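Alright, structures below, take your time with them.
The same chain A turns up in both complexes below, where it pairs with chain B and then with chain C.
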Partner chain A sequence: MRKRVDKERLLGVVMISPSILAVAIFIYYFILWSARVSVSKWTGLMPDYTYVKLQNFIGLFHDPRFSIDIRNTLLFTLLFVSGSLIVGLILAILLDQDLKGESFFRSLFIFPMAISYIVTGVAWRWLMNPAAGGRISGLNLLFDKLGLDFLINSWYTTRVWGIAFIAIPAIWQMSGYVMALYLGGLRSIPQEIREAARVDGATEVEIYRHIILPMIRPITLSALIILGHMSLKVFDLIYSIAGKQVALDVPAIYMWQVTFDGLFYGRGAAIGILLLISVAVLIIPYMRYSLKTEESL
Partner chain B sequence: MIRSRSRYLLYIPLVLAALFFLLPMYVMLVTGFKSFAEVNLQTMWDLPQAGIKLDNFKEAYRNLAPSLGNSFLMVIPAAVISSILGSINGYILAKWKFKGADVIFPLILFGMFIPYQSILIPLVSFMRQIGLYGSIPGLVLTHVIYGIPITTLTFRNYYATIPKELLEAARIDGAGIIRIFTKVLLPISLPSFVVVLIWQFTSAWNDFLFAVALTKPEAWPVTVALNNMAGSQIIAWNVQMAGSFLAALPTLVVYIFLGNYFLRGMMAGSLKG
Partner chain C sequence: MSKRILTVVSILMVISFAISACAPAAPAAEAPATEAGKVQVFSWWTGGGEAAGLEAMIKVFNAKYPNIEFVNEAVAGGAGTNARAVLATRLQAGDPPDSWQGHAGQELIGTYVAAGQIQPLNDLYEANGWLAVMPETLIPLISKDGNIYSVPVNIHRANVMWYNPAVLAANNVAVPTTMEEWFTALETLKAAGVETPLALGEQWTAMHLFETVLLGTMGPEKYNGLWDGTTAWDGPEVTESIANYAKLLTYTNSDATSLTWQDASQLVINGDAAFNVMGDWAEGYFKELGKTPETDFGWAPVPGSVGSFQFLSDSFTLATDAPNPDGVKAWLTVCGSKEGQDAFNPVKGSIPARSDGDKSLYDVYLQSAMADWASNTVVGSLTHGVVANDSWKNEINTALGLYLGTLDGATLQAALTTACAAQGPCK
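Let's look at the complex of A and B:
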């Protein structure tokens, strides 16, 4: 019997090994390969692995465009993450009130998740059309018609702060996801806890503020990390709204352009590695935490 | 729960939010259904006045048809293969833990979160070396492999909930590792397969980065073709809007009919089963 189990366990390893091999190559070997490119001289079409120490990284930190990228990423992350959390939480609380039509609204708020960032980008590019005067259109035209002229603005073409407006379609796309996370948390709180607080004379607002919100704090942390790591990787959405304008540049777009348009492979790989490190700093502790809590269940 | 009549006031923010979420869809559709003659940026919010015309959708379809076909050709095998691999991996990791499995599993999972920019240069070089650069099979392979983490996770979490006794009963009947999988677990795995298939279908369909890095124009999936169409000066914005809707339609249809399964895939993506 023992022998049979051992033999079968071995067969199990054989069954999973193609996937392990694929992951080992396409993820870990490729990361090492990228790391090697990032410390190489490689520019142009032919690979050149001449070691240049950290020159590509040092170059990036002296590169004004990369400073813009970091600043844009931080600003975008701040607005996108906080916006999605706030909108998501509000929607979740609204849907937690046992209203008629709840499932319709819920589906509606989540559907943008099923759509590609490219589609979102194309549609929002026209909604956020900055044209003024007689050629006014998109949301600006709507604001004009509704008498909300003070809201008319030049959107993502706004100087210096253009990147902030990219957060709007991003929030549109992801706040439903946050809502779903929160709603799951709210639903797992037993009715008795709310009832008990009500009996003690707590108002609804107090119940949320002092009992429910503290209980769903771990969800905020998860959402923060998931959205944060998405935000570091943002590419498609900005690319489809604005193309490759330096004013709206982020590391993922710079990486693309410097590598495949500019053929500075060393520098492109360095950006990739920096992105990986920043994502890993967020995700590894989160994974450890998630896997640990899962085991204790 | 807020009781009292003021509950109905809650519909005000809900309806406002609904309008915000519907905005892009509204514009895509009202624009799409106008005739060419009627299309005008300054009347983009108005409903079609001259009846429903399909000019824009026809023109968009004419432009996007080959890439829509490519997307289907790419997405279906990618979703099916990565789901099958995920179910095998999940089964082994949940029920046949081997030495080192506790290290391997997080290492696989991490692949779900990495920024693909950090593997893009090797990926493109590698695909050129093995002769799959530029083609649909190369893109399928890419989606299959980078899909392994999430499909494995979903199946592992599901199989972990299956009681040991069920497997042991099958063992006593003489079933081995493969028979237990095919006769006991696979028949009850349909919901997980739906979750994973939908998730993989959606993410491969919506992918842009891999597609733009790995395919040549004749193999472009619809996201790349749409982005190019939107970037060109020749194709009018109204056709772009109709094209966006066409590109969104397949995943939207899946979402409308199988939304709950989609939601479960979404939760798995944040490690929340």
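Let's look at the complex of A and C:
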């Protein structure tokens, strides 16, 4: 009997060893390697690991382009996360009303998630065409034809606030996913609780405000973490809409451009490490929280 | 039973993983035996006229050197961005191709000479008499410390102003040749209700415009001085250039950042814009759209830069650790020959680097460019890698990108001065 258990255990270890090895090399080893590059003065084609302390990091905090990156990321994250949560919650509540054709709408809202950010970006680049006058096109053309001229704007080419418009396609893409999360949460709330509240004279709004929303708070937290870390790393959506331009720069694009176009490997690695830290600040407490919850189950 | 299969599968996975991890080392081990009669040429010419031009040149090569096998190692995507990343990885791993494509000038020298990856080719230039057939002002721009490091195959011109003859004629505007005339023309067009007097595209096209304004404002000598440290970046010439640039930007389309260079050039063809500054690959694009030179579109040097030819060039190198250096020399001999260049360029839509190309093979625009190439002062392009290395260019690009958001000329000039001190020759 004991032998059998040992054998199974051995088999288990053998089975997962390829992926452990892959993760160890391609994730953790490269994190360490990037950390090493980030404190080196490597500029140019060939590696130069001369230690320069935190110079690359200090340089970034004096770099006007990197301040634009931080501002853009914060603004984008704020709009994208709050927008997706609000739209997702509204859609979930609407679908939770036992309406006809629910599964049709459910699929409809969740489909955008199946598309890659590149495709979303290309489609929205066309929709948000900022051309003016005779070349007007995309949504601006639609607004023009409908007589909604006050809605015509220059979208992501708007000075200073252009990044805010990039949040629109991102919300379009991810709010269906948030809806699915919330819908699962709403469905898990027993009908009896609502009925009891109604018997006690609560209005529908009060039921959502005081009972349902508090009960789905863990889902809000999960959604917040998932959207938040996606938003910090955003690259493909912005690149496919705006290309390489400083006005809509974010750390991931700066990292790529400075490393491969400018050959500043040290500075690029420093941006990578800062990105990793910012995501870790978000993810690690969440992972600890969910591990604890799992253990207590 | 099924458990045993799973065990076998997982063991296989471990083994295959281990093997794949060793894979990059394998080609190096077998290299000496198999590469003797081969020359690997690395490029990003994978589509359109470029790929067709390369094929034409390979044909010439195969006819001349039937015993050397040409291995075309072209990597597709992103105007060379992908290829350059692949090349960097191969060089860092010590597995260089025999020869690779690069923009002639500092982009090549700053990256590959600095890293000791390519060899000087002076003997090849002398043996083939290329110094006599290539413009005298070209050679210093593709050399470092007297060593020439690559063989230019084609030449493109950066300082070309394209215009719509019908739009100019309708508004009684003559083709401007100086900055002042250009501003007058733009003002007249704007007053007459031309929507976009000067078409502009995404950020790199703004840098392209900027370099031509630098040249047009300060002339070729001062312009060359910017890149060897003799013209000060905080001096009055740069201040004036930035002022001219700022003025030009007021005549551009509001949606510039959303347009590719093709979109921007097309505004001229469609009559939405009067002028566009773009390299002469735009001519190939116009012809693709079915347009006729001189009737549907016209060209002139960017105002102020008449008599200067701001060039960029694709060129090929000889790797320091080339597995087959004799094969590369054969390839480079074809690259620099009249026959090779006249095979490549008419198909690609560029002119030969030699000034003795057969003019009858080229169209009317390219013939005019060939005449200028032979007679003008040759200066290098910034955006396309001739005058500044990648790091310096990247810092200029960032400074310019920030400027496009703020339009603060003093900050731009300060940033350009810092960039030259940090990455260029300024001390």
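In this section, the second predicted complex is superposed on the first by the 292 of 297 C-alpha atoms of A that agree within 3 Å, B and C clash if a C-alpha of one lies under 4 Å from a C-alpha of the other, contacts with A are read in each partner's own complex, and residues count from 1 in each chain.
By definition in this document, contacts are C-beta pairs under 8 Å (C-beta built on N, C-alpha and C of every residue); 3 or more make two chains touch, one makes a residue touch a chain.
Here the structure is a predicted model, which is why all the values come from computation and not from measurement.
> Could you look at A:Val246 and tell me whether it touches chain B, chain C, both or neither (first, second, both, neither)?
In the superposed model, A:Val246 contacts chain C only, not chain B.
> Quick one: classify A:Leu263 as touching chain B (first), chain C (second), both or neither.
After superposition on chain A, A:Leu263 lies in contact with chain C alone.
> Examine A:Glu204 and indicate which partner it touches, taking first as chain B and second as chain C; both and neither are also allowed.
A:Glu204: touches chain B, not chain C.
> Where does A:Ile58 make contact in the superposed view: on chain B (first), on chain C (second), on both, or on neither?
So A:Ile58 meets neither chain B nor chain C here.
> So, does A:Ile271 touch the first partner chain B, the second partner chain C, both, or neither?
Once the two structures are laid over each other on A, A:Ile271 reaches chain B alone.
> Now for A:Arg125: first (chain B), second (chain C), both, or neither, which partner does it touch?
In the superposed model, A:Arg125 contacts both chain B and chain C.
> Mind working out whether A:Ile284 is in touch with chain B, chain C, both or neither, as first, second, both or neither?
first
> By the touch definition at the top of the document, which applies to A:Pro18: first (chain B), second (chain C), both, or neither?
both
> When both complexes are superposed, which of chain B and chain C contacts more residues belonging to chain A?
Higher number of touched chain A residues: B.
> Looking at A:Val37, would you say it contacts chain B, chain C, both, or neither? Reply first, second, both or neither.
It touches chain B, and chain C stays clear.
> Kindly list the residues of chain A that each of chain B and chain C touches, one partner per complex.
11, 15, 18, 22, 47, 125, 129, 131, 134-135, 243, 260.
> Spell out the part of chain B that touches chain A in their complex, as residue ranges.
Interface residues on the chain B side: 1-2, 7, 10-11, 13-14, 17-18, 20-24, 27-28, 41-42, 44-45, 85, 88-89, 92-93, 96, 98, 104-111, 113-123, 125-126, 142, 144-146, 148-149, 152, 176-178, 202, 205-209, 213, 223, 226-227, 230-231, 237, 240-241, 243-245, 247-248, 251-252, 254-256, 259, 262-263, 266-267, 269-273.
> What does chain C use to touch chain A in their complex?
Counting only chain C, the residues touching chain A are 3, 6-7, 10-11, 13-14, 17, 21, 81, 84-85, 88, 91-92, 110-112, 114-117, 195, 202-204, 253-258, 272, 390-391, 393-395, 397-398, 401-402, 404-405.
> Could you list, by residue number, the parts of chain A that touch chain B in their complex?
These residues of chain A touch chain B: 4, 8-9, 11-13, 15-16, 18-20, 22-23, 26-31, 33-34, 37, 47, 87, 90-91, 94-99, 105, 107-127, 129, 131, 134-138, 141-142, 145, 172, 176-177, 180-181, 184, 194, 204, 222-223, 226, 229, 232-233, 235-236, 239-240, 243, 251-252, 255-256, 259-260, 265, 268-269, 271-273, 275-276, 279-280, 283-284, 286-288, 290-291, 294.
> In the complex of these two chains, what residues of chain A are touching chain C?
11, 14-15, 17-18, 21-22, 25, 43-47, 64-65, 68, 125, 129-135, 154, 156-157, 159-160, 242-247, 249, 257-258, 260-264
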